[in-house]
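The structure that follows is given in the form of structure tokens.
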Amino acid sequence: MSAYLGDVVVLARKDLLLELRARDTVPAMLLFVVSALVVFRFSLPAEASDLAAVGLLWIAVVFTALLGLTRAFAAEREQRLLDGLVLAPCDRSAIWLAKSASVLAFLVLAEAIALPAFALFFAPVGWETVAAFALADLGIAAVGTLLAAMAAASRARELLLPLLFLPLVIPIVVGGVGASVQADPGRYLAFLGLYDLVFAILAWASFEYVVTE
Amino acid sequence: MSLRNNAGPAAALGAFAFLLGGVALAFYWVPDDADQGFSQRIFYIHVPVALTAYACFGWGAWKALRLLWTRDQRYDLESYTAVHMGVIFGVLTLVTGSIWAKISWGVWWSWSEQQLVLFLVLFLFYSAYFMLRYSTDPGPRRASMSAVYALFGVVLIPVSFLAIRLAENFIHPVVFTRDGPQMEGTMFLTFCVCLAGVLALATALYQTELAGKRLDERLRELREALA
Amino acid sequence: MIVRARGLERRFGEKRALRSLDLDLGERDCLVVTGPNGSGKSTLLALLAGLLAPTRGELEVSAARGSIGFLAHEPLVYRELTALENLELYGRLYRVRERRERIGMLLERYGLWDARHERVSAYSRGMVQRLALCRALLHGPRLLLLDEPFSSLDAAGAEVLDAELAALAGERALVLATHEPERVRPLATLDLALA
């Protein structure tokens, strides 16, 4: 168990170090999410309610996550480095968990900019929305990382990931927007928690099959 | 591996008999629906087709699980064929549901039709399944990735269903409730005959496509052996 | 026997990369694999490493995943990490004992010690190949699979590798895929010419 967690820490630290050196994902995500919010400002007519803006915030975050996910296995893919990791005697799911953790970290950073920016441009953000984003991030990172590994092994790559990812993210958007705009956010937050649990277990158990033959 | 099987023709015969019987019962035996009148009879096609699509997705996921479990590559073709059938019946569900919506509500599409919305989500999901297969080189890696994605599909069905329920308010006339079918005996019997017919049709199509694909494979192997 | 293959075959779609191969490799054998480009040398090594599954036939490799060393066509090191960071990462994943000493010894031997804090992206091709060799040898594998180990090595690097292989031959199982079989001929106990 401690060896497993040790592998996860080593692998995740490597991803964070790579990002710190190359800085090719997080700055792009930050700029993208702010740009998207500005574009949305101009796509909403004056009569549109703040509720519509909340929906667009969720879309902005989902697409920002997609941007980060297309880069998630970039370093591994260019040099077939995943082969090197897969050959190591560690459990393959540790690779998934570490990569999910780094994706999660980048996503949280993007939201740390997106939520204040949204509050500034549109309307204040309640605790329900913050809680919903926290839960949604887990699901997005868990499912997205697995799908990113699949897309990285295909010829279509960047093109394929959104197609695989968006149908699976619909429940997250439902839960997130529901928690943000409804009077009783509890059931929506519980739904997000359920989604995280179910899909995290599924992704954890199936990652090995995506990276091996 | 035997290419000859009798399940296909038997299923085709069954499909023909049950569907003929089901349509006859639906048109001549079942009384008009109290609320929706004659047009409600599309129910006897729409719902069995939808249930059959679920069954196909479920069968595909089961074969996918078998593939991951045993790493036996023949399950890949079976899983793929089942998902393919599921998509065909899924599209039929969308079409018949859309017709029903037009008759009942006067619109081709209604976001309050939960079943239709769910099938739209599933249609997008499984279309991506085909994209995944087409953009990956054939081989064990593609087989296991497809299998994993097919498994995600069956988990996504109840999760999406719950999501859509949470997202929508309900104005669609629900014939089934939690207390069991609120159908009269004649309606229920007709429904069952139609369901059997559509399931048999799916089985026949599944067997036929599978036999065709296996024949292709054998042909390729023979050609290679000769070359 | 550390490797036993019967009727081993691998296809990529329609293309057959390796066709009905029988192979027995003992714990102390050195197998030299030759053949033109596209004859399946790399495919065979990837099969032995467990990266690919056979399309047909049997393959038994009785070495655990952590006791196989694999030098692939790609160096399998992160370009934005330094040599030391790369080897540290793999050393931890492979649970190498006395990691620091082992890494230091390999970097010294392959002439990378002075460049250990430089990122791999700044390395020449020959230096990357040396690092890739260090990575493959790091955990003292029982079965060592080397795909074109001499490619882009200069004379000094090739000599170090010659000595390394000579020391390993007769101790560990070696599989060398190479275009220059003369160089390793004295070590070979088995030959395999793929067509």
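Letters are used for the chains, namely A, B and C, taken in the order the chains are written, and counting of residues starts over at 1 for each.
Throughout what follows, a residue touches a chain if its C-beta (ideal position, glycine included) is under 8 Å from a C-beta of that chain, and two chains touch if they have at least 3 such contacts.
Please read these numbers as outputs of a predicted model, since none were measured by experiment.
Chains touching both chain A and chain B: C.
Overall, the chain located most centrally, as judged by its C-alpha mean against the mean of all protein C-alpha atoms, is A.
Two chain pairs, B-C and A-C, are compared here, and A-C has more C-beta pairs in contact (counted per touch definition above). For the pair chain A and chain B, the distance between C-alpha centroids works out to 31 Å. Chain B and chain C, compared by their mean Cα positions, are separated by 49 Å. Once the centre of each chain is set as its mean CA position, chain A and chain C turn out to be 36 Å apart.
Within chain A, residues 212-213 each touch two or more of the remaining chains.
Across the assembly, chain B contributes residues 137, 139-140 that each touch 2 or more other chains. Multi-chain contact residues of chain C (touching two or more other chains): 52-53.
On the chain A side of its complex with chain B, the touching residues are 143, 146, 150, 153-156, 159-160, 163-164, 166-168, 170-171, 174-175, 178, 187-188, 191, 194-195, 198-199, 202, 206, 209-210, 212-213. Only residues 3, 6-7, 10-11, 14, 17-18, 21-22, 75, 78-81, 83-90, 212-213 of chain A touch chain C when the two sit together in their complex. On the chain B side of its complex with chain A, the touching residues are 68, 121-122, 124-125, 127-128, 131-132, 135-137, 139-141, 144-145, 147-149, 151-152, 155-156, 159-160, 162-164, 166-167.
Those residues of chain B whose C-beta lies close enough to touch chain C in the complex are 71, 137-140, 220, 224. Across the complex, chain A is touched by residues 49-53, 64-66, 68, 70, 72, 74-81, 85, 89-90, 92-95, 119, 135 of chain C.
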